[in-house]
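Listed next: structures, encoded as structure tokens.
In the two complexes below, chain A is the common chain; its partner is chain B in one and chain C in the other.
This part shows the complex of A and B:
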């Protein structure tokens, strides 16, 4: 079996189009990194200039008392704004040096941020936030009640996060734009590209014998129809490797270029990671690196499930083109199913427990606030449910394949 | 002719039919459903459409300065109705509010009184069914403020290109002349332009999806050497393309008819006589109406059907394996969505870009397609049948 798996892997690796896809995916991600103004200029400059300030502020945030002592007096008391301090200095003929000005500016920004943080924390009511989501999506009846069921769990986790001081820990990576850029856009792009390549190679390997008219010969050999198991394993290996490769090269480039070691141990939920109604708070107090690892894990699970789904569908059709189109269509259809369900039915909420919702919402994985999917165990339940469904489809596909008379087909 | 029909028959397959139906269904739900149904959704949009319809009904597709004076009068009338509502409301009276304007100002105050006023305001406009007058007033007031503000805006720009580098002073001169005689169709044009963009992607997707596998099939079944050895011989590639073009053209035509029906049913076609070029958003180079824009869309859709059949034929003819076939189609669709739509289709004849921008783009795409078709036909003529086997 191992030899056959090796041969199947070689089949994929000998295809130029596989490398072309991989390179196009990398170029696309590279273009995103290069083209993202916020990530490229602001964050990098911010980190380079203010790294000591970030460390300083992280320490300050833990002890408010200490903060009070070190922040500049008139600014802290709100007696004067930074512009007024600067203007006063100019009037006196003292030109404040740029570096000093920058330090003052940073200090004030951090101070304002700190105050805003506490104000936000004091003002936030979990049940009100849930009601806001209910209103935003126009949910009524059972659908709204299903969402409201999660309020106690949300309140509990929310208070725990506060007790653990995670939300007060400042880290620039948690700023909404950067979170959205890395875990939203880049991670989603990596996952979508990997899913696409996974579908293509799995469909190709599974349909290979039929398309090359060697099915009758291969299936009557000693290995027989179990060759499809080898193909499944090969697809799994190549798809996972492709995902890991894309993940390491793309996310790794981002981390190498735009983050610093002090950031890796910062909490993703810190500084509330908030912009407008969007609030990114993780269910667990994940640090940046832990969250990246979790993203990798969930992404890999999705890839494994997509391999199984494509393999099962290819066992029915045995045509790469049709199987590819069918899997893509299924993923899209799963995504649009909620549009047909009444906004008062709890089915609407359960219809979002699909692979497609997971693939699209990378930035919201294990986050508290994410539209319909407020369930604390949304990701695990979705993966489990998908695994069961795909398992059943694969079982029937395998049974159908084993009983197929290839003489008639050929 | 018999060969042409035989080639057309290749498209008569269940998987292809399912592809077409699924692709249309998915793209309708993801791309166009919102723009089709938007006309009747939400209090803000619905009231906006009601006002636009009233303007068209009362003043026709064009409006004079006198008409706008009339609109001012209607707006004032709605304002009076809103004031009356405020004066009859007990809670608002308790807050010391006497006019609607006072209420609007109070909701921004950051104190207990302001918060209460804001809560009452939100409840009234979003939850109550009696707030229709507010939405209509808001739309009239918005149009009026645009009308009044835009005269100044145009005046500022008529002597220079302003922030839109591509637009010349002449353009603004012309716009200024028209500015007083046009109803405001910006919301309708926005919807129609979105539909144009989505329709191009759907046509490209569907055409590629069905064209490429049919051309690939002949090659995989090793029929090409046999076909090229017949008396019809090397003229076949062109006939194959003609068949693809005919079938895809029919599918595009059906799609246009279905969408026209949906647009008619949802009220989009009510505004076909309204000129696009006005002061808020309709900055295009030609003095077209919404109806003329829709006809232009039809032409563009057939143009992209023509281009896509050639690209699909190219992918299907030269793909060495199924992965190249499926991958080629996917890449072409992604290229269309990521490059063609944002850089070309969303900017069709836009005054934000030079007048030749769209012509050069569409011309280049058309030329590329013709050269590609010529190259395929030429290469197939030169191809030796023996190495096939």
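This part shows the complex of A and C:
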């Protein structure tokens, strides 16, 4: 079987369309990184400073420099705080060039701002936040009740987070406005590209013999129809490798270029991770690198499930483009079905436990505030449910294929 | 020994084959029948692409369905419509099929060049098959069927697309192979198998009409096959009264070979050939 899997993998790797799609995906991701103005300007400033010097390089810092709220004892130069000294100099039209002073001032402002954010976060009322989400989506009746049932778990997690993770800090060149850029837009792009390539190559490989009219010869050979098992394994291998490749080249490039080691070991749930109204608080105490690993793991699970679904569909319809369209249609339908369910029905909430919701909502994986579901176990429940459904479909597809009379269709 | 035991194949309300009973031991078997008679259906059941609706096929007394891959390892199959991978060369294609057949790399390294020589494709072994002619593709098909030295060779219209020289070469290959294996060939070209087949199987009305040696089958028309010269002005009336199996244009008329149960004055009785029997038995289908 191993040799046959190798031969099937060679088939995919000999297809130009595979490389075309892969390169387009890389170019698209590269373009995204290049066009992300915030990140680019941030990188320039970052590259001018050295670790472990902590330098505030975020655009938002400029706005927050105007804030007066200070939770800790401010640093002083004589009677005045550093900020007051700096302001006084500015008012007189003087420019302070003392590097040590400026460094201290930066760190002071950095710290003040951090404390302010942390206190703001700590003041959040969980039940009010849940009601806000209920109102935002117009939920009533059982749907609202289903969300409200998560309040105790949310409160428990929130209090731990505020006590342990939120107070941490890190080299602040990274996470503002980057969570959505990295884990939202870029990760979503990587995942969607991988899913599309996965569907195409799996459908192509499974339908290969019929489309080349070699099925009679192949299925009457020693391995027989079990060649489709080899094709399934090959699809898993190529799809997973494609995803890992895109992930490493895209997400890896982003991390290598735009983040620092001090970020990697900091908590994602730190108070710094705020983008406007979005609160990125994880259900579990993940550091940045741990969260990246979780993203990789969930993404890989999705890819595996998509391979299985496409393989099963292709066993029924031995035509690449029909099978591809069918799988894409299924994922699309799973995504839009909630739109047709009453907002008072708890079915609306459960209808979001789909692969499609996962694929689109990468920024909110394992996050506490993620719209329709506030379920701490949303991700693994969705993956498990999908695995069961796809497993059943695959089982019947395989059984149907094994029993079917094979005749070449003209 | 391959036994086809009271096999019937139906597709819904349509019956393709009915109560087929055959026992095949090493030798060449020619499967003769017009299009749509069920030859391909029978072959597909033998190579496990389809299952009988009733009855079973056994190899040395064991149902082939139960044997599974153990049985398929003994089978070489060339389908009527032989597909291929355009971007592969014949060496790569044979390597792939050989891998599916469970043949080791070492054995493939030995067998592939030999087979390509046999089918006169060794010189183009590195050329992509999309550049091949129909006859060359067919020869690749024959080569892949021979991979692994199968005990059962099932060839559906193997000489389609081959020129006379290639067909002669093919007959020679088969004669060598048939010593120790079962070779089942379906063809419309009677001459391809008449000289090499140990037994001819003819299917008519979904059942076996004949399963016997060529001389025995030809015996059925003994005394009924004649040849004579028919002038042009009599040809049409003659053709409407008798079954003509072949004709050759001459000056002023035609040399006709025909079948009749009533002696015709001036006609010379000739020994019946397999083609005569074929055309006689399937005259209704031919007319259709």
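The rule is short, and it goes like this: the second predicted complex is superposed on the first by the 325 of 410 C-alpha atoms of A that agree within 3 Å, B and C clash if a C-alpha of one lies under 4 Å from a C-alpha of the other, contacts with A are read in each partner's own complex, and residues count from 1 in each chain.
We adopt the following convention: contacts are C-beta pairs under 8 Å (C-beta built on N, C-alpha and C of every residue); 3 or more make two chains touch, one makes a residue touch a chain.
Values in this document were obtained by computation on a predicted structure and should not be read as measured data.
In the superposed pair of complexes, A:388 makes contact with neither chain B nor chain C. With both structures placed on the common chain, the touch criterion links A:324 to chain B but leaves chain C unconnected. When both complexes are overlaid on chain A, the residue A:31 reaches neither chain B nor chain C. Within the superposed three-chain model, A:14 lies in touch with chain C and out of touch with chain B [touch as defined at top]. In the superposition on chain A, contact is made by A:203 with chain B only, not with chain C.
In the superposed model, A:216 makes contact with chain C only, not with chain B. Touching chain C in their complex are the following residues of chain A: 3-4, 7, 11, 14, 209, 212-224, 226-227, 403, 405-408, 410.
Residue ranges of chain C in contact with chain A, taken from their complex: 11, 44, 47-51, 68-69, 72-73, 75, 77-79, 81-87, 96-97, 99-102, 105, 141, 144. For chain B in complex with chain A, the touching residues are 15, 19, 22-23, 26, 29-30, 33, 209, 213, 216, 220, 321-327, 330-331. Touching chain B in their complex are the following residues of chain A: 15, 17-18, 20-21, 24, 196, 200-201, 203-204, 207, 211, 319-322, 324-325, 329, 332-333, 335-336, 339.
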